[in-house]
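Read from first to last, the chains carry the letters A, B, C and D; within each, the first residue is number 1.
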Amino acid sequence: MQELPLEGIRVADFCHVWAGPHVTQWLAVMGAEVIKIESHLRPDLTRSFFAGGKTLMPGLNQSVDFAVLNYTKKGCTINMTLPRGIELVKEIIKLSDVVTENFGGPVMERWGLGYPDLKKLRADIILYSGSGFGRTGPYKEFPAYAPIIDAFAGLTSLNGYAGGGPVPFGVGGWTDLTAAQHGAFAILAALHHRFRTGEGQHIDLSMSEVGCAFLPDAIMDYTMNDRVQRPQGNRDIAMAPHGCYRCQGEDNWVTIAVSTDEEWEALCHAMGDPEWADDERFRDGLSRWTNQEELDRLIQGWTSNYTDWQAAVLLQEAGVMAGPTLSPQAVVQDRHLAERGFFIDMDHPEMGKVRLPRLPLNMNHSPFGKYEHAPSIGEHNDYVFRELLKMPEEEIARLQEEQVIF
Amino acid sequence: MGALSDLKVIEWGEFISGPYCGKLLADLGAEVVKVEKPGYGDRSRSYGPFPQDLPHTEKSGLYLYLNTNKLGVTLNWASVTGAEILKELVTQADILIENHSPREVEELGFDYRTLSKAHPGLVMTSITPFGQSGPYHDYKACDLVSFHVSGLAHMNPSGGVDDIQEEPPLRGKSLQADFLAGLSGAIATMSAVFARHATGQGRHVDLSQHEALASVIRRDLGAATYEGLERIRVKGAQPSTETLLGQCRDGQFFVVCNTDRFWANWVEVMGNPEWAASELFQDRAARRENWDAAKIMIEEWAKDQSLGELVRAAQARRVPCMPVNTVKESTNSEQLAARNYFAEVDREEVGRVRFPGAPYKLSQTPWQVQRPAPLLGEHNEEVLCGRLGYSRQDLAVMRAEGVI
Amino acid sequence: MSGQALSGLKVVEWSDFVSGPYCGKLLADLGAEVIKVERPGTGDRARRHGPFPQDIPHPEKSGLFLYLNTNKLGVTLDVRTVTGAEVFSKLVGQADVLVENNPPREVEELGFAYKRLCEVNPRLVMTSITPFGQTGPYRDHRSCDLISFNASGLAFVNPSDGVEDPEGQPPLKGPGHQGDLVAGLSGAVATMGAVLNCQVTGSGQHVDVSEQEALASIMRSYLGLHAIEAMTWTRLKGSIPGMVSDKYHCADGMVYLLCGQDRFWAEWMKAMGDPDWAQNELFQDRISRRENWDAVKAMIEEWTMKRTVEEVVRTADASRVPCRPINTVKDLATSELAAARDYFAEVDHREAGTLRFPGGPFKLSQTPWRVQRPAPLLGEHNEEVYCNRLGYTGQELTVMRAGGAI
Amino acid sequence: MVDFTAIWAGPHVTQWLAVMGADVIKIESNIRPDPERAAFIRTTTEPTMSAVFASLNYAKKACTLNMTNPKGRDLAREIIKLSDVVAENFGGAVLGRWGLGYPELKKLRPDIILYSGSGFGRTGPYSELPAFAGIVEALGGLCLLNGYLGSEPLPMATRGYADLTSAQHGAYAILAALYHRSKTGEGQHIDLSMTEVVGALLPEAILEYTMNGTVPRPQGNRDVAMAPHGCYRCQGDDEWIAIAISNDEEWEAFCNAMGNPQWTNEDRFRDGLSRWKNQEELDQLVADWTRNHTRFEATDILQRAGVMAGPSMKVEDVAQDRHLAERGFFVELDQPRIGVIPMAGLPWKVVDGPRGDYGPSPGLGEHNDYVFKELLKMSDEEITRLQEEEAIL
């Protein structure tokens, strides 16, 4: 049994949808006890998301979205519209190290759970607030979803094919998850600081600022050179060939990137040194880059005789950067990920056996972390109210009747 | 005091993934000593953007952004002396971040097994395209390849092209894959640091960029495993339904209507057009079915609207809607200004540069730029003489030999 | 105003360390436009050799480099890349002179053999300065100052005197980089010969300078004596011919004094007050004096020891006997002579600050030796040369940089 | 080219130009011949053609003019009118006293180039002092840098090191001036100081002082960074080899070449820095190996392995070196009354081209006829009269 780094850390988790839950998911997998606080009045939105959009949802506990964003957490239901509910939460917070939330506005404050209030409950508390635009500034209450943030930060304007206009970024929740990971990192740093000094703090994370944090080259090209970059498709600012080429079969593609003359020679050799490879236009990096359109056409002429994997392996063995374009289902079947145990099977009370992706956490050559199925709504009420808050049966029963625990 | 100001980190990393991991630590106060090859230095120094497009080792925007708050030394780790020094540095550190190929690291004798013998408490974070094990672990990759191999490019774009199958799968904005790997690496590193608090034992963090990216499409992977859902690249197959990238008179906007409330409010923004009342759009299921139709109607309306007014109206009704900004517009946005997001450094050799600042604000231990990215070998003397006790004469010999 | 002697002469210097760069410096200091081609990243090896201010190594602060590369334009170029080779031929195509000191085999392998280059530019004067020249059995031997000094016989006869038991000591190389500097110097003379020749004939030529020969040429009198008088030398004390000059200890230092020749002997004896011992026929003529030199030196030193350096020098000057104190470089740098001739050049360098180093060793009345610009920073003139002269765009520069060509 | 130079530093200047094809007319007289004509005469029967002179004056012409005689000076003026360059290296402003200073020469020929080489330059406090190589080497700081680690200053090897390096700087300056003249028609006066040449060859030592105020001392055969870097005793009588190791690869090659003796694995020689710090012991051990080989064997072994190494050549080794021979460094000159002798050439050649324009060194006044008859077109009577008047002497 590997000792988990966050063993003994408790998190009172108000996060919902994507960007928030993924933060606490990292903490949970690292061993923190994450208590997700919902209620039937306000279940996490993803519980009702259609997983990919085929089957209709038979209830709150079978959403794949929820399952992949909330595993290893505990779930309890408290009605925050009632003062007593807020009292209960305060009890939980007293026993917690971290409180997390990603509401669209100052909801915590309305509940009397703003950072100053929390500090009174527990002096060294760490409060994490994730939001689309941060907790200050004119946009602080704007609702935000990943694609909105992408549009605002400039990511969308840079997503697209060379010469074409911007197209919506297809990776659902990209910025939710990159923001979430920044959040997880910030919380760990804050815990580290508390570990040394006993001091807690408030973390204010802005998704749009995370979006910009990943666009420094484009942003600095503007701040330095006043240049506004446009979509570059699969192209690179210097490498050529550098693209995605059609292969044998239905919608199969392989990517190839060549960064040096050596790699270029290796590529030509792997392609059986076609005549055109000696062409003046492709003599050196600069000319290859200048004539990449033509070059791409010719390379595709070669790749189209192979399956994506054949081409990829041929080139990798020659020392050329290359890889097939995998679809999600292909990723699921990928032998490399399989061998590294990237997918884990869980038994879910209502979904049955589910195979879900881990977090990219590996230590000392083995997968790392604690993985338990995502909680059904209120699944751990017993644990929370009996064991944790040590409440007598009858009080719990009463609170249930009063729809405080609900 | 920075949150991590007691952590000593050696960053033996190139380009983006390793250095971004190091930056996250350094910006919160960790002492990060960046080890670069003599001469060329980090690859990001050659990448740009450069002021006036004039390449200069000390002026690459990407480098300057990625290496704030670090100390910089040059070291030819392939030489005996260089290897010696790197080992000494590691022995004095809590954390080693590296993103070299597993084979190279093994050959140089910097693998975790060897290093942890001298320093059992060491946390070593290796960030590589495919991780330390598995059939592809020696494969070469870059941002493009990783993005495609992990399934992300296959889902990009989610619309905006007529016949998606005619277009190749699309890597996102460049370098995203590298940044993400560095970020995941930083979290994993911190978790190893916590494990060490408890046990005193170090760990080898094996961060596979492949997995870091695949982890991002977790919902689609889940859908594939749980519902056997096949993602194919045909128009409309993408979950882009209930969202729209639309064109106004004077620019583009993006709107999300994935709840009944958002839809209702959006219809108000459009001035309650009759078509919106049709049962084609009555509930989410219906709207998802007929989203293409909805799009056509919305775009028909939007094309005469002014972007500013449209977005303001939508925000007033709390509909998630934003203009599709270029980085110019986002950089100049009132919101980022209000949070004074942008950091700025100004030094003689480099000039004045503005770049993204803290993605998060910590109330007690602020994110800070305490020193700009190091010039190549700027801290050789401070680190090699100051900490490892070499003499300046020794430095001269090492320089002449190309060790530093 | 006459401009400078070599203004208008276009030189490309593809050289490393000392020999080639000194050749280039001699040309540049008289006004030739010298474009120095350095390897990207590490640059010229001299950048790694001191002295450095405060002894802290820094590629832009090497005294040796800063001295050897005044007045040059500096570009970075990896001629081993295809792009680099392309750019290099363009540079050479526009030049009158190419100065290089790379291993002959390497130059051929890279395709820059003179035959190839003069196809591009038939007027090109290519000067190759290598340890053993372009032909002969040692052509590919590896060498450095130490080896060349020994290969030329110079080290064997050095030191000429002053050691108790020369045979007990190894042969001695000259201080600093004498061998490399002399080779560069011979290269510059030969280059100018070829340049003037080209003005007449309109065709360039490949000048082959061997450092071994450059140094052996300094040994010419020894070699002449060996050829004509069949003389040979051992390192036995006093076996070096013609030691009629020597150093003498004074009360407060040392002087070097030359009084063996008949024409100085009488003068010097008079200056010393015609001591009796001088009448002894052991010392009557030059030959006998040389044979009894130890006695001569002892007698003279007995006299000088009683006097200060200044007294001895003044006495010698009065009787026009060649004599000077034995200086440290400090004495030289601070001497009234250097000041009177204003010999030292002072240059402000952006990185290294104000530098003082030797100026032109000769003065041309019409076309002065001048430091117009300090040694270039690594790649300082990439834009000026590549964009302004060869017409590359900034964008292309970025591609070449990322590809490692510049 | 009118050549008033004598001894070493001057004649070597004009020698370069002569070999490059210039018509150099050396002006001496029987009362004032180039002193080197008589240096170390041992076996030759030719009292005015010493080996030293022969090695410094080939390819020139020589005539005798008595410059103390007004008519002699007039003749000189006539020759100068037909010349492009005048060269001198007197101990003082002798030319000026003869009325042949730069201003006067310019009147004779506006685009004339005058080369003046001297120990301390033609200006400044020492401009009239006599100088010899050893003197300027001492003054220039070279002498105090030449020597073994910690040893006293030792006079630099070859007599005339400063002479010959100055001479080459002089030849270069003249060529540059000719280049300038070819473009602008303008001549000029070149004032070269041997002391300053010495300084030009000690940049790193001088900058060590001007930058850091430290005054370098002799370092023997050591390098600032390389180790081993020295001269090691070999088999045979006073035979040595020079070896230099600049990086770890070369060190390994070196150890392999030596058959990896035990000590090569020792920690104190592990890397460049430790080798450099422990070079004293290291030198001992290297010498133990070289001592068992001849310097040529050892050179061969090491160069094959890619290590910088070379025998420390004695003068006669150089004279017999097969490499120099194959490259034709020694030019066979048929020296009248001495015979065919191999002379050290000049250190450059045109690849697949001529080595240059070599001819024997001139006897005293050997070319009087050429100068006075052919060049100045003088009649025999006139010449005889001037000889009687001791203008031609």
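What we mean here is this: a residue touches a chain if its C-beta (ideal position, glycine included) is under 8 Å from a C-beta of that chain, and two chains touch if they have at least 3 such contacts.
Because the structure is predicted, anything quoted here is derived from the model rather than measured.
Listed here as common contacts of subunit A and subunit B: C. Taking each chain's centre as the mean of its C-alpha atoms, the one that lies farthest from the centre of subunit C is A.
One simple way to say how far apart two chains are is to compare their mean CA positions; for subunit A and subunit C this gives 65 Å. The distance from the centre of subunit A to the centre of subunit D, with each centre set as the mean of the Cα atoms, comes to 75 Å.
The distance from the centre of subunit B to the centre of subunit C, each centre being the mean of the chain's C-alpha atoms, comes to 53 Å. Residue positions of subunit D touching 2 or more other chains, listed in rising order: 224-226, 246. For subunit A, the set of residues that touch two or more other chains comprises 237-239, 259.
For subunit B, the set of residues that touch two or more other chains comprises 47-48, 50, 52-53, 396, 398-402.
If you check each pair of chains against the touch rule, the ones that pass are A-B, A-C, B-C, B-D, C-D. Within the complex formed with subunit A, the residues of subunit C that make contact are 81-83, 86, 396, 398-405.
Within the complex, the subunit D residues that touch subunit B are 224-226, 246-248, 270-273, 276. Interface residues of subunit A facing subunit C in the complex, by the touch rule stated above, are 237-239, 259-261, 283-287, 289-290. For subunit B in complex with subunit D, the residues that touch the partner chain are 79-81, 84, 394, 396-403.
Across the interface of their complex, subunit C is touched by residues 37-41, 46-48, 50, 52-57, 376-377, 380-381, 392-393, 395-396, 398-402, 404 of subunit B.
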